[in-house]
Amino acid sequence: MILDSKIPEGALAEKWDKHKFNVKLVNPANKRKYDIIVVGTGLAGASAAATLGELGYNVKAFCFQDSPRRAHSIAAQGGINAAKNYQNDGDSIYRLFYDTIKGGDYRAREANVYRLAQVSVDIIDQCVAQGVPFAREYGGLLANRSFGGAQVSRTFYARGQTGQQLLLGAYSALNRQVAYGKVKMYPRTEMLDLVMVDGKARGIVVRNLITGKIESHSAHAVVLATGGYGNVFFLSTNAMGSNATAAWRAHKKGALFANPCFTQIHPTCIPVSGDYQSKLTLMSESLRNDGRVWVPKTVETAQRLRKGEIKINDIKEEDRDYYLERKYPAFGNLVPRDVASRNAKLVCDEGRGVGSSGLAVFLDFADAIKREGQPAIAAKYGNLFEMYAKITDENPYESPMRIYPAVHYTMGGLWVDYNLMTNIPGLYATGECNFSDHGANRLGASALMQGLADGYFVIPYTIGDYLAQTPYDKVSTEHPAFKEAEQNVMSVTQRLLSIKGNRTVDDFHKALGLIMWDYCGMARNAEGLQFAKQEIRKLRDEFWQNVKVTGVNEELNQTLEKAHRVADFLELGELMVDDALHRNESCGGHFREEYQTPENEALRDDENYAYVAAWEYTGAGNQPVLHKEELKFENVKLTQRSYK
Amino acid sequence: MDLTLKIWRQKDKNSAGQLVTYPLKNISPDMSFLEMLDVLNEELLVKGEDPVAFDHDCREGICGMCSLFINGRAHGPERGTTTCQLHMRHFNHGDTITIEPWRAAAFPVHKDLIVDRSAFDRIQQAGGYVSVNTGGVPDANEIAIPKTIADKAFDAATCIGCGACVAACKNASAMLFVSAKVSQLAMLPQGKVERKTRVENMVAQMDVEGFGACSNTGACAAECPVGISLDNIAMMNMEYLGAKASSENV
Amino acid sequence: MNWFTKTFSSTIGRKIIMSVTGLFLCSFLVVHLVGNLTLFYQDGGEAFNIYSHFMANNPVIRTMEIVLVLGFLFHIYDAIVLTRRNKAARPVGYAENHPQENSTWSSRNMGLLGTIILVFLLVHLWNFFVPARFGELEGVPNAEYTNLYAEVVKAFKNPIYVGLYVIAMIALAYHLIHGFQSAFQSLGLTHKKYTPFIKTFGVAFSVLISLGFALIPLYFFFFVNL
C-alpha cells in the first residue's frame, strides 16, 4: 500500500489556496442529494456538522452523550491559539506554523500545520461572530495570554473555560441547522461499526443506548470526529465516556492507525489520591504563566516534608529547586508539555517529589499573588483554584498546588491525507481522532484550534471534492454489507453478555491502564514494552474468558457500553506498544529511555524515523503491518529542540 | 466511613420505580460522590446484580452530564458544586444518603437516576444561536465590546445545562436555563440582531416542553453549580415583554 | 390565538399579569389603609362615615372599583392557572426534599398565603361591603350618610373576626414580602443600583401596611367601647 498524503504542489504558503481552487465543487442545488454522517459532536464534529448543513448537505450527527453540548471538548480550559498578532509581539502565520512543527518535535506534516496556522485567524473571527464571549481588554478588544512552547501571546481565552465557550458556539451553530432540518441529531447513540460498500465508506451501525436497538445509517461519506484514545490508560483527563471504539472499528475495517504511541502527558494535573480514583483532573497549563514549579533541593528535605516533619513554609528559598527555570532559562515554566512532564517525573524518580505518595511537584503562586494581588490572580484563574480546592480540600491561594503529569491527549489517530480522508475512500477523520497536525507533541491551546479548523474550514472544502466525484445513488440499509455489519455487532454484543465471568469490566480496564502507564507512559524502553505486549495479550485473553457483563442488550446497559469500549482498548493498547517498540528514537511525548541526550532530553533519529508510522490491521491477534509516510521538511530545519 | 444509601431504582421509562436501600462500607472521604457510586456498582456487579445507572462524563464539573438529587438537594449539599465535584468528606460515618433523579414532567426518567433532558436541546434549537454561517464574518476585533458587558455575557454563558435549576425549582421551571442563553446573546452586539425572535421562540418552546412557571423563589440560582444569576431571568422577562410589544411577529 | 392572547397565556405573560395586578393591588392597599385611618379619629365615626359615603358614591371611585375587581380576578385566575401548571410540571415529587436550604418559606407558599387572604377578603366583604352597598344600614341622624362605623365596632367586638383579621394580615405581610420585590423581578425591573432599595422598601411596605390594617380590629377590640 502506498500512502499518498495528497499534499498540493507549490510553495508552502500557497498550497491551501491553490488546493481550494483546484478541488471540485458540488453545485449548490446538488448538495441536498448527498448525505453525510458525522460521528462525535465535539469541536471537530459539531463544527463540521453545522458547516456541512449550512452548505446544504443532509447531515446526520451522532454522539453517545445525552446532548451534543457535552462532548469532552467542553472541558478544555486554557485557550485557543491564533496567529492574529493583535499584541504586536511578532506573531505571524509562519511563526505559529514554526512553533507547532517544532513543538511537535518534527513529526508532523509541514503542509497540514501551515494550513492550520493559516485558518487559525478565521476561527477567532467565526467564534466572535457566533457570540463566544472571549476575554477582552478594557478598550473592548480581545485579550491574549501566553502558553507553553511559544514566546508570543497568541492564545485567546474565556477565563478557564475556553473549550466550553467554543463548544457552545459550535453547538449553537449545530442547533441552528437542526432547527432548519439540515442536521438530524442522534444523541445517546454509539457507533459500533463502519459499513463499506465497494471499498468505500457508506454508513455506520450504531447502538441506541436507551433501547439497545442496533440500527444502520447510510450516507455518501462518513466523518469520524470521535476524539482521542487517552482512556486506554484508564486514568486520564478524558471524560469517563471518551473512547476509541468508532475509530478502532474503522481501523479494523481497513483504516490505518498512525503514530498510536504518541500520547501527551499533561504536566499540570491533580495527583492521584487513591486506588478508587476514576479520573484525573487537569489544571490548565495557563497556570504556568504565573505559577512557579519547584521541589525541595534535596531528597532529605523532600522526605521530611512528606513525613510531615516540616511544613512547606519551613523550606527556605535557597532550599527550593525551581528546576524548570534552572534548566530552561529562556522558556522557564513555559516549556512544552512533554518537557515539563518528563522533568516532573525525573525529580520524583530522584525522590524529591512531594505529597503523601511522593508523586507530585509544587506549582506555587505566592510570588504572583505578591506581585499582582489576589484579586488579579483570582480573575485569571479563579475557577481553576476553586476546582483544585474542591478536589483536594486545600486552598491554593495559601499553599502551593501539588501537581503531577497525567495522560491528556493523543497525537496519534487515524491516518488521513491532506484532505483529512483516511485511506478508506469516503471516510474522514477530524480533530483529535486523526493524527495529522501535532506530530509527537501538541502545544497547549492547539487542540481547540485544530478541531475547529478541521470542522469549520477544512472538511467543508475537501469533502466536496470527494462527493463531486461520487454518484448521487444512495445505498439502502438493507444492503448485505449493512446486514453483515449489524450481525457482526450483534454477535460481539452477545458474546460479551454470554461470558458471565468473574471479573468486572472496570477491573480489566484498570489493569490495562496500569500496564500502559508503567510501560508505555512517560518513559518507555524496549524490555518494558515487550513485557507489556505479553501482559496485554494475557489480559485480553482473560477478558474474553472471564469478563462479567450483566443485563441484556435491549435496555440501557452501561456495563455493556463499557465492555465494548474496553474490548477495543485492549486491542489498541497492544498497537500502541508495538508502535512505541518499533520507534527506536525519542521524540515529543514518546520518550524511549535508550535514546536520550546526556542532559536527559529526547534524542530524535531523523535519518531513520522521520516518518509517520501507519499501521494496518491484519486480524485479531495478528501482527499489524507497518506503512511509512516519509515526512519531508522543506521549510524548517530539523534541529534538536531546545528551550534553554 | 460506612453509609446507607437509598437509591431510586426504575427499570425504564414505563416501569414504576422505588427507593432501594444499600449498605456501603469503607468509603474514603477523599472519594468523589460518583466514585462512591462506582464502588457500589462494582459490588453490585460482583454479586451479579444490575448496577445503578447514572449519568456522568467529564467528572470535572463542566460537561453538565451528572445530575442527582442528593439528600433533598440538587447536586447535593455543597453550594456551587456539581455532583461529580462533590466529595465524600462532606458526609459523615453512619449517614443515610437518599439519591433520586431530577424530577420534572419535562425530564422523564430513562432508567434509575438517568433522565431525558432533550427538552433543553429543543429549547436551544428554537433560537439559542446567532445566525451566521461559517466564513464571511468580520474581523474579530472589528466589534469592540465593553469589558463589563463581555464579562456579564460570559457569566451567563457558563451555564452547563445540567438541569439542577429545574430540579430544585418547586415549579420545575426552566427559566434560569433559558434566560442564561437569552441574556448572554441579548447583551452582545452579535446577538442583538435576532433578539426579539430569539426570546419569543425560546420561551414558546420552553412552555411547550411543559416546564413550570417562575415564581421567583430563587431556588434555581441558589442550587446552580456554576452560579448563574437570577438577574438573567429578570432580563429575559424584560426582553420578552419588549419583544412581544414591538416585534412584527403577529 | 392572536399575538396578544398568546403573550399573556405564556408563562412569562401570566407572570407579568400577576405582577402588574399585584402592584396595582398594593396601591389599593395604600388607599384603603389611608382611608381607614379615619377610624382612629375619636369623633364617634363621623369622619369614617363621610369617607365611606364618598367611596360608595363618587363616580370615579365606582369606576375604579370595577378595575379593582378585575385586578383581583386576574390575579386570582392567573394564580390558579399557574399553580395548576406548576403542579403538572412535577407529577412525581421527591422522597426527600429540603427547599428551605435554597429559598424562603413565603416564596414557596404564595398560593397558600393568597388563599388565606382570599378567604379573609370574602369575610371582609360580607362584613362591610355587602351591608354598606346592598343592606339596610341604620342612618345617622341629620346626615345623608349611613353609619358604617357602627358595623365596624360591632364586628370588631367579635374575637373570632379579630383573630381572623390579624391572621390574614400576617399572611398578607408574608405574601407582600415576597410578592412586592418579585413583581419587579417578573417585570424585568432589576438593577444593581435600585434593586437593593426595592427589596428593602418592599419589606418595610409589607410590614407597615399589614401592621396598619391589623391594628384596626385590635384597637376596636381593646380600646373602643360602645
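Chains: A, B and C, in written order; residue numbering restarts at 1 for each.
Following the convention adopted for this analysis, a contact is a pair of C-beta atoms (placed from the backbone, for glycine too) under 8 Å apart; a residue touches a chain by one contact, two chains touch by 3 or more.
All values reported here derive from a predicted model rather than from experimental measurement.
S.K.: Have a look at A-B versus B-C and report the one with more C-beta pairs in contact.
M.R.: Top pair by contacting C-beta pairs is A-B.
S.K.: Measuring from the mean of all protein Cα atoms shown, which chain centre lies nearest?
M.R.: B
S.K.: Quick one: which chain's Cα centre is the longest way from chain C's?
M.R.: Using the mean of the C-alpha atoms as each chain's centre, the farthest one from chain C is A.
S.K.: When the centre of a chain is set as the mean of its C-alpha atoms, what distance in Å lies between chain A and chain C?
M.R.: One centre to the other, that is 63 Å.
S.K.: CA centre of chain B versus CA centre of chain C: separation in Å?
M.R.: 37
S.K.: What is the distance, in whole Å, between the centres of chain A and chain B, each centre taken as the mean of its C-alpha atoms?
M.R.: Inter-chain centre distance comes to 27 Å.
S.K.: Can you name the residues of chain C that touch chain B in the complex?
M.R.: So the residues of chain C touching chain B come out as 2-3, 7, 10-16, 82, 85-86, 88-99, 101-104, 107-108, 110, 178, 181-182, 184-190.
S.K.: Give every residue of chain B touching chain A within the complex, in rising order.
M.R.: Going by the criterion above, the answer is residues 11-12, 28, 30-32, 34-35, 38-39, 42, 45-46, 48-51, 53, 55-65, 78, 80-81, 85, 87, 89, 110-111, 114, 116-118, 120-121, 124-135, 137-141, 143-147, 150-151, 153-154, 157-158, 160-161, 184-185, 188, 190-191.
S.K.: Quick check: in the complex, which residue numbers of chain B touch chain C?
M.R.: Checking each residue of chain B against chain C gives 6, 8, 19, 69, 71-73, 77, 98, 100, 103-106, 168, 170-173, 175, 203-204, 206-207, 210-219, 222-223, 230-231, 233-241, 244, 249-250.
S.K.: What residues on chain A touch chain B, complex-wise?
M.R.: It comes out as residues 47, 50-51, 54, 65-70, 72, 74-75, 84, 86, 122, 124-142, 158-159, 161, 163-165, 168, 171-173, 175-176, 178-179, 185, 187, 210, 239-241, 273-274, 276-279, 281-282, 386-387, 390-391, 393, 456-457, 460, 504, 506-507, 548, 550-551, 555-556, 558-559.
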